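In what comes next, chain A is part of two complexes: it sits with chain B in the first one and with chain C in the second one.
Entry: the complex of A and B
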């Protein structure tokens, strides 16, 4: 069976749930204990798409690293980027949109980039209203697992489709 | 004088001498044997005395560790209590204060955990097997890095952890924590000041061994002149005044004691690569 490696980077401010999303997707676990990620953590999840075994290398990049000038180095070679925001902190959405428009759409314009709004389990009625103004690709909850598998699977399929076509 | 008689006499004398010589040789061998026995006895006595001294030192050290770990528990519990009170009493704190408070609480809880592990290690000192546990390396390294968070932030070192090849294996948690903590601490201390400081921690599994590699792009070591100093007690390399010269000695001793070895590649000005090799269980 053919096996390929694909790099997916997770970006977003501190506390939006990047590590929790990875843990939910890779280990099917969730913990309420929050510990800020230090540096970069690489995890792996193997998925089967058609006849191909895809090793997704998930680069969970600490929120504070987006401010470092050299963080571009770690995005090199990425096949996909997830920009993650916290559903109950609108400023985290604004921050990833700035990142997308001012940086990623220029330096990484050929890389699949999707916006995730995480922590859907915490959304209240008024928040549901302001979310309507946001443009996002997936609404997920690392806590309940809602849409997590689906978002990663879709990303893997898109990447594979582009590389084989 | 009859020449034949003289020859006979001489022969007799030679015979007598040979007998005397044989006797002496026998006595000499007997004496040598006795001397060897005495030497062995002396050595045995010395070893026994040293043994007794070591047992005494060991007991004192054990007692000291018990007292130290026990006496540290109470002030740490106190600090934890005051931090909880402080958190309750804070009125409208800014996020930075709340973040510092969170890390303070985390560090205290980690210190309590280390003391708990040390106490367990002491209790099980006669049976190493009891200390053998499944290690989740990601969690262990996360805990070590979090404990050093302020140093990491100050030094600007970027840590990249890749345990995708192997993350769980059996080893001794207290020992591995100390081994990795010392190597990581060194990597931060000797990180590059001018370049983009980076430390990569990766794992590999090869046959019946787990390899944990810690690679930095720091100041490096001139191994041609310093190799013997790297693992020596109170020895410091690169004319460094900051280190205590204990860390790497501890690492080596722990690996010797718990099974494993350390490999080092380094180049002055380019960085170092430490590989901890432990049996895969």
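Entry: the complex of A and C
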């Protein structure tokens, strides 16, 4: 069976649930200590797409790294980027949209970039209304697992499609 | 005669009764001591206290045993080093030796260092070829298998990025990482880098030899590979080349 390796980076402010999303999804993971030491944690998930096995290397970047120059190095060579916001903290959404418009759409314009609104399990009716104003690709819950697998699977499919065409 | 027998019986009774009492008393004392000892041994704090108080005695008892073990280990290691040095000294009048000596003279490496290095020499535990930008593993060679080489490659790249950004000056790259008796040597090329996990004594000459091997490998085999898709085909190709180059090298 054919296999390919791809790199996906997860970005977003502190506490939006990046690490929980990864934990919900992956097969193997390094200790949390690395995240606090060098601002990154790497995990691996293998997904099957048709006849091809895709090894996704997930680079989970600490929220407070987004303002530092080092974080740009971690983005190098990424095939996909997930921008993650917290469903009940609108400021985290604003922050990733600024990052997307001012930085990623310029320096990483050929990299697949998707917005995830996480913690859908915490959304109550009034909050559902303000979500209508957000532009996002996936609404997930790391707690219940809703849409988590789906978001990563779709990203893997898009990346694979682009690399084989 | 009968009277004598009576006296003897009386005497025996008296003596044995006193013996019995003595033994019973002694037994009780021993049992009490054993209970006390058992209690002390089951209590970690008291046990530590007992050990602390009897440090000298413990050293006297264990010292010779440990000493013998260490002596045996050191003797076997010295024998191994001696054997390697003897092998090299036998080659002292050969053309190969003269060639090596000239090479060392040119490189500025002492023959002493070189002999120690070859005798105690570093051995290659694992070799990774990693794409520089993405940190994805292109191939690996490992005489001893380790778990999750993909994750190790990613973490090495992240650490490399971190160190280079935090402390590096322009165009400087991380060249080695050390942990205990292990050394990870990094050889940087334009699109990828080699990471060698070595154990043992690694001197300038060994580093130089590795660099020659990587230069040669990149020049002849890996320099032209396409990294557009890091897949199993590419990995297989790289790993065949690594095995060809390193299968009988840097083992001690």
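Some observations on this one:
Quick note on the criterion: the second predicted complex is superposed on the first by the 153 of 165 C-alpha atoms of A that agree within 3 Å, B and C clash if a C-alpha of one lies under 4 Å from a C-alpha of the other, contacts with A are read in each partner's own complex, and residues count from 1 in each chain.
By definition in this document, contacts are C-beta pairs under 8 Å (C-beta built on N, C-alpha and C of every residue); 3 or more make two chains touch, one makes a residue touch a chain.
All of these numbers come straight from a predicted model, not from anything done at the bench.
On the shared subunit chain A, the superposed partners chain B and chain C overlap sterically.
In the superposition on chain A, contact of A:48 is made with neither chain B nor chain C. Within the superposed three-chain model, A:40 lies in touch with chain B and with chain C [touch as defined at top]. Of the two partner chains placed by superposition, chain B and chain C are both touched by A:57. Of the two partner chains placed around the shared chain by superposition, chain C is the only one that A:3 touches, whereas chain B remains out of contact. Greater residue coverage of chain A by touch, when chain B is weighed against chain C, goes to C. Using the contact criterion defined above for the overlaid structures, shared-chain residue A:78 touches chain C, although it does not reach chain B. When the two complexes are overlaid on their common chain A, residue A:105 makes contact with neither chain B nor chain C.
When both complexes are overlaid on chain A, the residue A:70 reaches chain B and chain C alike. Note on the chain A alignment: of 2-10, 38-46, 56-64 or 92-100, the part of chain B that runs into chain C is 56-64.
Taken together, the two complexes place residues 38-40, 42-44, 57, 70, 73-74 of chain A in contact with chain B and also with chain C.
Chain A contributes residues 35-36, 38-44, 57, 65, 68, 70, 73-74 to its touches with chain B in the complex. Interface residues of chain B facing chain A in the complex, by the touch rule stated above, are 106, 138, 142, 145-146, 149, 152, 157-164, 196.
Taken together, the chain C residues at the contact with chain A in this complex read 131-137, 148, 150-151, 154-155, 158-159, 161-162, 164-166, 228-233. On chain A, the positions that touch chain C within their shared complex are 2-7, 28, 30, 34, 38-40, 42-44, 55, 57, 59, 69-70, 73-74, 76-79, 163.
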